[in-house]
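There are two complexes below, and they share subunit A, which is joined by subunit B in the first and by subunit C in the second.
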Partner chain A sequence: MAESICRNLRDGALEGEHAPALSIKDSIATPFGSDVFNYVLTKLSSNILAGKSQSKISILDCYTDPLGWKDSLKGPLDTENFSLKDPIEAVLFRHVRNLDLLLSAIIEMGEALARQGKGRFSVSIDSVTEMLRHASLSSVANLLSKVRSHASRLKIAINGVICKLDIKKVYDQNRISSTFWLLHSDLHEIRAIAALEYLSSMVGSLEPMNLSLNGQRGDLEKLSLLEQNSRKGKFHVRFKRRNGRVRVMCEDFHIKQSGINFTPVSSEEGIINQGLLPKVQFNLQLSEKERIDRAKVVLPFEHQGNGEPMHIYDGRRSLSEGKDEKASVLSENLQTNENSGKGEIIYFRDSDDEMPDSDEDPDDDLDI
Partner chain B sequence: MAAMKTRMSSFSRNTSVAPAPQAPGLKSGPNGTIFLSSGIPDLDKILGGGFPLGSLVMVMEDTEAPHHMLLLRNFMSQGLVHNQPLLYASPSKDPRAFLGTLPSPVLSKDDRSHNRDPEQLQEKGLRIAWQYKKYFGEHQPNFDSHRDTKHEYCNDFDLRKPLERHFLTAQNICCLSIQDPPNLAALRDCCAKFLAQFSRNNSSISCAGRVAIQSFCAPQCEYSNMEWDMLSFIRSLKGMIRDLNAVAVITFPPSLLSPSSSKRWQHIADTLLSVKAIPDEDKELANLLTGYQDMVGLLNVHKVANVNTQVPVILEATTFSIKLQKRRYLVLECLNQAPVDGSSGSSYASTGSCSGSTKTGTLDF
Partner chain C sequence: MDHHRSSTLLDEALALDWTQPRVIVIEDCVETNGAFVLHHVLKRSLALHTSSTSAVIFLAFSQPFSHYDRILRKLGCNLVTPKDNKRFVFFNLLTLECPDGDEGKTSGGLPSLYREIQKVIIALHEENRKSITIMIDDISLMEVAANGSTNHVLDFLHYCHTLTLEFGCLLVTVNHGDIYSSMERPALLLQMEYLADILIKAEPLSTGLATDVHGQLTVLNKGICEGQGNSRNRTHNFHFKVKENSVECFYPGTRT
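After this line comes the complex of A and B, so read on.
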């Protein structure tokens, strides 16, 4: 499933559509967003690098000096402090608060890359959380939507990372054009998260394996659960398809030394969508007990196969059962008599005066 | 004298009281209201004729699905086909580009197969008709008969064919982007100017106008955190529209607003609809609903405008499934639950009669 996400990002968008955008959300319970982010990034870049020998990755470094303070100090400080990966050039960006400038820097960089070949580029934003520290939600949303809907030649992928705001432009000849970003859900208001989910076409959220720690458990159990949570988790993805349906996928992930591994979900969880349907007036579900009882019912006309002569039950109770039992309504759920150990259908006739199997034709009293 | 005067009691049929509108694309309804079409025939039937002039329609979007765009597209196309001026505002940078995606009307009825019912009738052998209403023919209201067949009140739209160019180059389309302006003053002025041409000063209506605002509180708009400003804009728009020959449709994603704002917006609407996405490949839903494979989403009708009347509109069913028939035509169907409980009221397809319906033979109060 993580593969399919990467594939979707790689495929890019059709003409006239916005670029696909992935939001990766994590929280303090599963702080592995960067790992997932790096996974997606490496998948994408391996796709790119495999395709074209001339592919380039360029970084817009907004981490080292986001607000331009070092510049303004004019001191002997070394302002050229890149966090470099070797063949990649990084351009320092000092005006994180001015998102228009940021957008134009991104586009400029991307166009430069794209001009070197006829391709598109992807933008990944390492941390939208960091962007939201410096700018308002609406301007960040504006930037993201402009990025997604930029002229079809350029497609930008934005990755978000928690502390650093690195914007890498990945040049791809194989029509990769997408964006993805990382977000820490517990650092933002619900509105901000909802807005970013609104802007993305795929939302991946990381959740801990065991959702709640019961307070009454012993310390040892708690520790073991914590231990589990520290390495594993669940990755849920909601994928907005073009036809308007939402595909929900889930995978387990496991962090190892070498990286992150995704495995299909171990336990089946059904998602019940009863909230969408109008409620009916009857309860059509049978509880477990009711299901067992229904299975035990001896049907009146059925040949039981035990050699006894068939008794056709006509609804009249024998005198021995007594006439002072309370009557109850025959409902959709079959009622059972627990005392007998086997189920029975209890049927109360409307009136005991009715003669069974009368020879008269009941239509005789119609005068036509 | 009283004897000479024609009886004008409140029990007379309202169709004789209201002036029949001369313009195509409008039809009279009960209580002196005049409807214009939503562009979706099934929705018009559900709402009892269409959107009444002077009302505000709000559509609650689902952030995960673009179904509100389907509704808007049909609404806008219908207006252009009937030559009704249109104002379109959207948070994208180039709203005009959206006009290129508007669907084209299907001109002849033969193209569109009304025969989704007879297809089911062609089962071999025994037919068990447990949904009787589906097989009744569609009752065409009698005042449609004197219309030109080219100007039907409500067209079916083929979503795969774009609208012809000559509709789009008309002078009466105004497009506006609401992404960049820092506040709503520009939008308000544009609406006021546009709506000034639709005042009701004489009894005959020359034309009606349509206003379509898409994703009104989208996060990329700068005003999106000014909730009171947005609310006051909607209120002023509603006030403007109330006594004009126009209908406004606003779509908004309620999850991006604060809960109290979202409630206020829902209350201010005359007609309130909501669209919902459905999960893909969901076995539970596939078992519960027939026709799950063709469904793309759900439409809920929360409120229907009741104009000039105190009688509320009560629908038989409020949840409908949105299907794309042959991937082209938008149809709304009542949810058909698989016949576990055949006596439930929601198992009739494509009905939705309400007290103000245009069916002949019912008394209109």
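After this line comes the complex of A and C, so read on.
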């Protein structure tokens, strides 16, 4: 499924259409958005990094000095996530608050690269959360939608502020034309996230494997949940098709030293169900035998006490039958009266469907 | 001997390593004060076996130098000598006040503080002091000094982060979790948790107050490579008791 995302981005847009855009959302419970971002970026640039195509990576560096606080521009660029086999040029950008300037820098970079080749770029932004810290939602949304509409010609990767990767432009002869960005969902208001989701054609959100329920859990349980969530999680992707249909897919992911691995969903409902029951020292569940035995128990008022089978009241019985019954009942009563003077409860069930201890109030069908 | 053995649990969890740039975030609350972790890291930073190459830059928003001096002395570490040798650079920022409307400017308040720190680090590097630790105590008071501008504080932290990558430093910050408990989305707290390579939370015990145990520490260490390369994060949880001259850390139930 992660493969299909990359394929979607790689295929690009048809003529006259907006470029496909992917939003990667994570949260503090599963802060692995950067891993997914790197995965997508690696897949898209695999040809470039392998040196197979005449492509280039251009970086618009908004990390080193976004606000112009530094006196002198020292220090190497940190590109630890990517090997520098190919020519990578980097341009420092010191005015992240000015989004118009940022957009024109992107377009300028893109056109420079376009002039060198066939003019197809893809843009990746790491991360939009940082952009939203420096500028308003409307201006960021404006920039993104302009990038998308331009992106039939351009593909530029913008690496924003916090991450070690910087803005890249990826140019590939395979005519990629797409854009993708990363954001942290718990750092923004819902309307901001909704606006960005609206701008994207694919939304990938990371969720923890186990949703921890606070309160009833002991410390050790919380710890083991934390440990589990720190390595694995679920990746949900929502695709918006051109015809308006929405497709939702889900995969599990696992963080390894070499990167992130996606696997199809394993059925872990058993674990979830176990997780919902509080852990106490006695067994709250019934075994099969216990369940059968429970079903066999006859409730005290359900048997006649004298071995006779239960009568189920059928409202359509004719009078004669009713009389016969009455007679037999009377005779029974006489007998019992003669015998022991014991009381007797005669209970006719309304129907066999009525379960004992039913929650239904028999007065419910009265209309008053 | 005893205190040496017990604080190694904390050292194991932290796995302090000055060869890699790292960000440590300490989160505590009113019921459980996490300052002892800061003091512990400070002591370890100054007592490195390669002590001639280590240095600490301390940004104090909450207490004056005498306070830390007194506490570290009890832990067996002298602060005055390193301060004189310029191995311990102390910035007293209790009275720092950023001018209003500081956000857009590159002068005054936090930007100039940043440039000062950058100058100090460059000077330390020239003297071959390469294992540098930057400590900030604490972020919530920095926010007060910045007139409540969370964005400004986050910009400053971002620039400190660029320093850690550029010069390979360790950045240690302290914040208080319960200050933001009324906010639905505490941006500063969450941003710091995203930034952290090592997140240390000091919380009270779920069972309440106790005389023998002062609280529990949860250490989440991201980016630790385990043997088979299977898991990337390591979580530790243990109880602690703060004593006069040391901190005792132990797994729940192991204390006799």
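Simple rule for what comes next: the second predicted complex is superposed on the first by the 230 of 368 C-alpha atoms of A that agree within 3 Å, B and C clash if a C-alpha of one lies under 4 Å from a C-alpha of the other, contacts with A are read in each partner's own complex, and residues count from 1 in each chain.
Throughout what follows, a contact is a pair of C-beta atoms (placed from the backbone, for glycine too) under 8 Å apart; a residue touches a chain by one contact, two chains touch by 3 or more.
Just so you know, these numbers come straight off a predicted model, no measurement behind them.
By the touch criterion defined above, A:A295 reaches neither subunit B nor subunit C.
By the touch criterion defined above, A:N243 lies against subunit B but remains apart from subunit C after alignment on the C-alpha atoms of chain A. Of the two partner chains placed by superposition, only subunit B is touched by A:L137; subunit C is not. By the touch criterion defined above, A:A195 lies against subunit B but remains apart from subunit C after alignment on the C-alpha atoms of chain A.
In the superposed model, A:L366 lies in contact with neither subunit B nor subunit C. Across the complex, subunit C is touched by residues 28, 31, 63-71, 74-76, 78, 97, 133-134, 161-162, 164, 184, 186-189, 218-220, 223, 226-227, 230-231, 255-258 of subunit A.
Chain contact summary for the complex, subunit C toward subunit A: residues 104, 106, 111, 114-115, 118, 151, 154-155, 158-159, 161-162, 165-166, 185, 187, 190-191, 193-195, 205-206, 216, 218, 220, 222, 225, 229-233, 235, 237, 252. Subunit A makes touch with subunit B in their complex at residues 16, 136-139, 141-142, 144-146, 149, 191, 194-199, 238, 240-241, 243-248, 270-273, 276-278, 280-282, 284.
Residues of subunit B touching subunit A in their complex: 63-67, 91-93, 97, 101, 179, 218-225, 253, 255-258, 276-282, 284-285, 288-289, 296-298, 317-319, 322, 324, 335, 337, 340-341, 344, 346.
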